[in-house]
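The following pair of complexes shares a single chain, chain A, combined with chain B in the former and chain C in the latter.
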Partner chain A sequence: MALLKKSSIWIAFIVALLGLPLLFDSILAISILNQMVIAIVFALSYNMLLGQGGMLSFGHAVYFGLGGFLSVHALMLIEFETMVFSILWIPLIGGLFGLLAGIFIGSFSTRKAGTVFAMISLGIGELIAASSLIFSSFFGGEAGISGDRTFGPTFFGFDFAQNIEIYYVAAVWAFIATLFMYLFTQTPAGRMANAVRDNPERAEFIGYSSRKVRFISFCASGLFAGIAGGLFALNYEFITEENLNAATSGRVLLMAYIGGLGYFIGPIIGAVVLTLMNSLLSNYSELWMLYLGIMFLLTVMYLPRGFAGFIMMHQLAWVRGNMKLLIKPYLVTTIPALLFTLCTIALIEMSHTEDEVFHYLGLVLNPASPITWIVILAIAGGAFYAVKRSLLQLNDAWETANAIPKEEET
Partner chain B sequence: MAILSLIDVKKNFGATEIIRGVSLDIVQGEKHAIIGPNGAGKSTLFHLISGRYNLSAGSIRFKEQQIENKPPYEIARMGLARSFQVTNIFQRMSVFENIRCALFWSKGYGYSFWHLLGRQTELNDEAMHVLEQIGLTEKAKFPSGELAYAEQRALELGISIASGAELIMLDEPVAGMSHSEAQNAVELIRKITEGKTLIMVEHDMNIIFDVADRISVLVYGEIIATDEPKNIRANPKVQEAYLGEVHSA
Partner chain C sequence: MLEVLIFATLNGLVTGFLLFMLASGLTLIFSMMGVLNFAHASFYMLGAYFAYSLSLYFGFWGGLIFAPLIVGALGALVERYGLRKVHASGHVAELVFTFGLAFLIEEAIQFFWGRDTKNYQTPDLLDFPLFTLFGQEFSAYRGFMMTISIVIFIALYYVLTKSRVGIIIQAAITHPQTVSNLGHNVPLIFMGVFGMGTALAGLAGVIAGPVLTTFPGMATVLGSIVFVIVVIGGLGSLAGAFIASLLIGLLQSYAIASDVGMPDLLNLFGISFDRSHPLNDLWTMNLPQIAPVLPYLLLVLVLIFRPTGLLGKREE
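Let's turn to the complex of A and B:
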C-alpha cells in the first residue's frame, strides 16, 4: 500500500513529463518546458547542499556551467568526428565533469559548514567566472562557445534538430536524475547529511567525520548540477560565462528556497514557478526582475518553508476532512489580494512608463493625470483593508479546521 | 585488565589549568562513577577521553591503543560511545532517524550511498528495539527537537547506547528527570551496560552507590580518591573535600 502510494507520485511525475508537451505544443511552450526540466535538475542538485546538507552555496553555477562547457566541447568533438557517439550521452559527460569539479573543490571547501563554506563558495564562483573570461580557448571569452547537436549517430531516425526531441531526451534524463537524487536521500550517506546539517558535532561521536559526509553530498550535488549543465548545452547548443557566474548561482538558490528547502519536492515547485515567471513575465514587463525580487522577499518573510511548506501546512486539515472550511475564506482573501497586487503593479508600471497612455488589463490609463493615481491608490487602499479584514476570518477558519475534534481530545 | 588508561592527563584553557594531572585505570567490565563538585572538570575529562578536546599533556590508552588527539569519530569507531550533559541530538530529524543514524557505523554501513534504508529490515528493527527500551516507541516519527525535556534526555541516552559500544560514558544522564523517570533510566542503563564498561558522571549519591563498582572523586582538576563505594564514604579526604560540602550545602 505504502509502496503503491509512493510509486504513484513517480508515475504522476512521468505522466506530467511526457504529457505536458502534448498539451502545450507551441514553440514557446516547448522552449519553456525545456528550461523547466533543466531547472528542476539544477535546483534539486542545489538542495542536496542547502536543504539536506546545510551547506549554503553562492557558487553552485560553477558545476552547472563547467558541465555545460564540457558538454559543448563534446558536441564539437562529435561534430568534427574526433569522436563518434550519440548526443544522448552528453548529459553524462556534463555530470562527470561536474563530479570531478566537485571532488576537487569539495576536497577543501567542505572542511567547515556555515559562513566559511558560504564564503569559499562565493570566492570559487568569482574565481571560475573570472577565469572563464581569461582562458578563452576553453571558455570562448564573452561570446562563449557553441556547438551543433544534429551531428553524431541518429537515434531511431531522430537527429535532434527539433526542440521537442531534445525535450524528451531532457525529460528522460531529468527523471533519472530526480530518481537518483531521491534515492540518495534514502541511503545512510543521505541520512547522515541531514544529521550533519542538524548537529555536525554529535555526528562525529557516532562515528562519522562531518567533513566526509559533507564531501560526499557535495560531490553528488556537483554530479547532478553537471548533468543539468549538459542538458542546457543540448538545449541551447551554446554556453557562456553567464551560465556559471554569480547571477546563475543566485537564481538556483532562489528556486530552491522559494520552493521549500525542507521538502524533496520543494525545489521542483520552485524551478517550475520561477521558470514560468522568468519566461512569461519577461514578455509582459521590463520590470519582471523587480517583481521576482518582491516575490522572493514576501516568500522569505511569510512562507519561510517555501511553497512546498505552504502546501504541507494543509496536511492536518486535509486529514481531518476540513479543507472545505478553508475554501471560502481563501477565496474571500485571494480576491482583494489579487486586486491589491494588480493595483500595485499598475502604480509601479505607471511610474516607470514614458508613454502618454498606459494600456493595462484592457484599460487605457493616463499616467499624467493625478486622477488616475488617486483612483488606483484608493482601490489599492480599499483592497488592502479588505485583505486585512478577511485575514482575520481566514485565521479563525484555519483554527477550526485544524482544531482537535471533540472525540479525540479525551 | 584496564580497558582505558589515563596517564597524567592535563588540560588548560589559556593560562587556567582545568585538569591538573589525572591518572586513572578503568577496568574492563566495571561500572565507574566520577563525582565531584560543580566545575571540578568532570565534563572536560569526558571531552578529553572522547576526543572533543585535545590534551595539553599526558596520554590516554583505549584498548591498548593511544587515542589522545585522535578525532572523535575514530575513537567512537573503536567502541567508545558517550552522551552529553547538555542534550545534543539531531533536532530536525525524527526520533527514529536519530537512533538509526547512531546505529549506522556499528552495523557496517559506513558512508554507503548504495543501501536503501527502507530495505534494511534488521537495522530498522534494531532501531525500533532501542526506541522501545528508552520508551519512545510512540514518538518514533516525532521531530526530536519538539520532544519534552525528559524525552530528549531519553533520546540522548538512546543515541549513546544504540551502537552497543564496549565502553559507554554518560555525563549526568538522569539530571533533570523526575524521580520515577530517573529510576527507569537507571534500570535501563544497568541492563544495557551488562557485560560492558560504564563511566558515569552523576550527582545523585543514591544512584551512584546503587550502580557503581568503583568511584573516583575529582576535585579541582585532580582525582583525590578512587575506591569502592563503601570506602569512599569513609574516606576522610573525600568527606572533607566533597561529601561534606554537599551535605552542608
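Let's turn to the complex of A and C:
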C-alpha cells in the first residue's frame, strides 16, 4: 500500500506523458510536446548540478550537444549499415558519450565549487563551441550534421517516420531518466551532494571527499544531459554548433531557475513553461525574448525560489486549512496586476509596430493617436496603484493564514 | 617579418588596453560584491549605442562625454534597485540576476535600435593615418583609443591608491563593517563603484564602437573574453587584470598575424598524414584558425594549475 502511494505520482506522470498527445494531436502540438520532453530531461540534469550539487555551470550544453552529435553519427552508421541496431537505443548512446565527457571534464573541474567551477565550465563551454567550428569532420562546421532516423530495424512495425512515434520513444526515455534522476537524489551519493552543497567543510570532516561527491553528481548529470541530446537528435535528425554553445547553456539555466532550483519538480515546471512560451509566444510577438528576459529578472528578484518555490510557500497555509483566507486577497491583487501587465505589453507592442492600426485582444488601437497612449498609460497607472494598495492587504492575509495558532491555556 | 611583428604588437596593445577598461570595472565590482557581473559587457554595448545616438545630434565628442555618464547612471540604478534586492538570496541569485540582465539588455537594444549594424563612424578629426610604417598605415583613431585607455588606467590607479575617496573605497571592499562604523555610507560607496565600473565599460564601448562595429552581438563577442581576463589575472586583482588584458590582447593579435600551424610542426618532425586520415582537421589546423579559442584554453589551464589566477590572493 505504501509502495502504491509512493508510486502513484509516477503513475500519474507516465499517464500524463502518454496521454497528452491524445488530447493535443495537431502537428504543432506534437512538436511542442517533443521539445517539452527533451527540455524536461535537460533541465532536470542541470538541476542535478546546480540545485542538488551547488555547482553553477555555464557550459552544460556541452554534454547535451556532444551526446546529440554522437547520436547523429550513430544514425548515420545505421543509415550506411555499418552497424545495425534499433534507433530506440540512440539516447543511450548519447547518454554514454555525455557520461564520458563528464568523466573527462569532471576529473579536473570538480575540484572546487563556486566561482572556480563556474569559470571552468564557462571556459570549457566556449572552448568546445569554438573548436566545433574547427573540427568540421565530426561537428560539420557551421551547417552541423544531419541523419535519417527511418533506416534502422522497425520496432513492431513502426519505422519512426512520424513525429508522434518519436514522441512516445522520447516520453518513455524521459520517464526512465526522470525516475532515475529522482532515485539518484535518494541514494547516499545524492544525499551527500546536498551536504557538500550546503557545507563542504563539514562533509569533509565526517569523512567524505567533497571532490569525489561533486564528481559523481557531475558525471551523472553529464549522462542525463547526453540522453536529452540523443532525444534531440532523434527528434530533429540534425544538430549544429548552436546546440552546444553558451546560448543553450543559458537557456537551461533559465529553465531550471525559473522553475525553482530547490525542488525536484521545479525544472520540470520551468521546462514546460519556457517551451510553451518559446513556441506559442513567438507566434504572436517577435518581442517574446524581451518578455522572457523581463520575466526572468522579475522571477530572480521576487521569487528567488522559482515557481515551484512559490507553490510550496503555501504548504503551511494548506496544512492549516487556511487557503480560503488567501483566495480573495489573491484575486484582488491578481486582477489589477494582470491589467497592468496587459497594458504594459500593449505599450511595448505599440511602440514597436509599424502598422497603422494595431489589433490587441480584440481591440483595434491606433498607435498614431496620443489619446490611445494616454488612455492606456492611465489604465496602467491606476492598475499599478491598485496593485500597490492591495499588496498590503495580501500581506496581512498572508500573516493571518500562516500565523501560529494560539495554544489554549490550561 | 618585422613589420608583421610590430603591427601585431601595436594592435595587440590597442585591444589589450581596451579590454583592460572593461576588466578594471569588472574586477572592482567583483572585489566589492563578490559577484562577477555578467552584464558588464552589456553596459559596454549600451555605451556604444548611446554614443551612436548622441553622435547624431552632438557629434562624436558629445557621445564620448555623455554616453559613459548615462551608462554609469543606469548601472548605479541597477545596483540600487536590482542587485541590492537580490543580494539577500545569495551569490548564485546575484550571478543569475546579472546573467538575466545581460539577456534583457541585448533584447532591449534590439527593441530600441533594431537588429542591424549601426553606422557609427570615427570622427573626421581623427580620420588620418598617424604614421606609416613599411607601407602600412596606423590610424590616428587607434592611437586615440590607446591614449584614452592609458589615461584612464593612470587616473584609476591614482584615484584608487592616492586619493581619499580611493582609500575609503579600498577599505570598504575589505572591511565594510569598520568603514560603516566610521560613519561612511557603505551602500552608497558600493553604488558609486558599480556606477563607475559600468561607466568605464560604457566608455570602452564608446571608443570601441566605430572600430569593432556597433551591433547587438558586440557584448557576446567581448563578454566572455573579459571574464577570462579577470579570472586569469586573479579575481579582484587590478594589477593582475592589467597584465592579463595585455597578455590576451597580444596573444590573440600574434596568433591571427602568424601563419604557422600543425603542418609546420609536423614537418619539423618529418611526419606527414594523408588527407583522408580521420584526424585530418587536427593535422591541418593553423594558429590564426584557433586564435579565438586560445583565451579559453589559457583560462582552463590557469584554473587547473593555479586556481587563484596570476596575481590572485588566497583561495576562498
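Please note the rule applied: the second predicted complex is superposed on the first by the 400 of 410 C-alpha atoms of A that agree within 3 Å, B and C clash if a C-alpha of one lies under 4 Å from a C-alpha of the other, contacts with A are read in each partner's own complex, and residues count from 1 in each chain.
The working rule: a residue touches a chain if its C-beta (ideal position, glycine included) is under 8 Å from a C-beta of that chain, and two chains touch if they have at least 3 such contacts.
Remember, it's a predicted structure, so these values are computed and weren't measured experimentally.
Colleague: Touching A:326, do we find chain B (first), chain C (second), both, or neither?
Modeller: neither
Colleague: Just checking: does A:130 make contact with chain B only, chain C only, both, or neither of them? Give me first, second, both or neither.
Modeller: So A:130 only meets chain C here.
Colleague: In the superposed arrangement, which partner chain does A:118 touch: chain B (first), chain C (second), both, or neither?
Modeller: In the superposition, A:118 touches chain C alone.
Colleague: Kindly classify A:308 by the partners it touches after superposition: chain B alone (first), chain C alone (second), both, or neither?
Modeller: After superposition on chain A, A:308 lies in contact with neither partner.
Colleague: Which partner, once the models are overlaid, touches more of chain A's residues, chain C or chain B?
Modeller: Comparing touch counts on chain A for chain B and chain C gives C.
Colleague: When the two structures are overlaid on chain A, which partner does A:273 contact: first (chain B), second (chain C), both, or neither?
Modeller: In the superposition, A:273 touches no partner, neither chain B nor chain C.
Colleague: Between chain B and chain C, whom does A:187 touch in the aligned arrangement: first, second, both, or neither?
Modeller: After superposing on A, A:187 lies in contact with chain B but is clear of chain C.
Colleague: Mind sorting out which residues of chain A both chain B and chain C touch, each in its own complex?
Modeller: No residue of chain A touches both chain B and chain C.
Colleague: So in the complex, the part of chain C that touches chain A is made up of which residues?
Modeller: 36, 82, 85-86, 89, 91-93, 95-97, 99-101, 103-104, 107-108, 110-111, 220, 224, 227-228, 231, 235, 278, 280-282, 285, 289-290, 292-293, 296-297, 299-300, 303-304, 307, 315-316
Colleague: Would you pull the chain A residues touching chain C in the complex into a rising list?
Modeller: Residue positions touching the partner: 50, 56, 108, 111-112, 114-116, 118-120, 122-124, 126-127, 130-131, 134-138, 246, 250, 253-254, 257, 287, 289-290, 292-294, 296-297, 300-301, 304, 348, 352.
Colleague: Which residues of chain A touch chain B once you look at their complex with the stated criterion?
Modeller: 183-184, 186-192, 194-195, 197-199, 201-209, 212-213, 216, 220
Colleague: Name, in rising order, each residue of chain B that touches chain A in their complex.
Modeller: By the definition above, chain B touches chain A via 50-52, 71-73, 76-77, 81-82, 84, 88-93, 97, 100-102, 104-106, 109-118, 159, 163.
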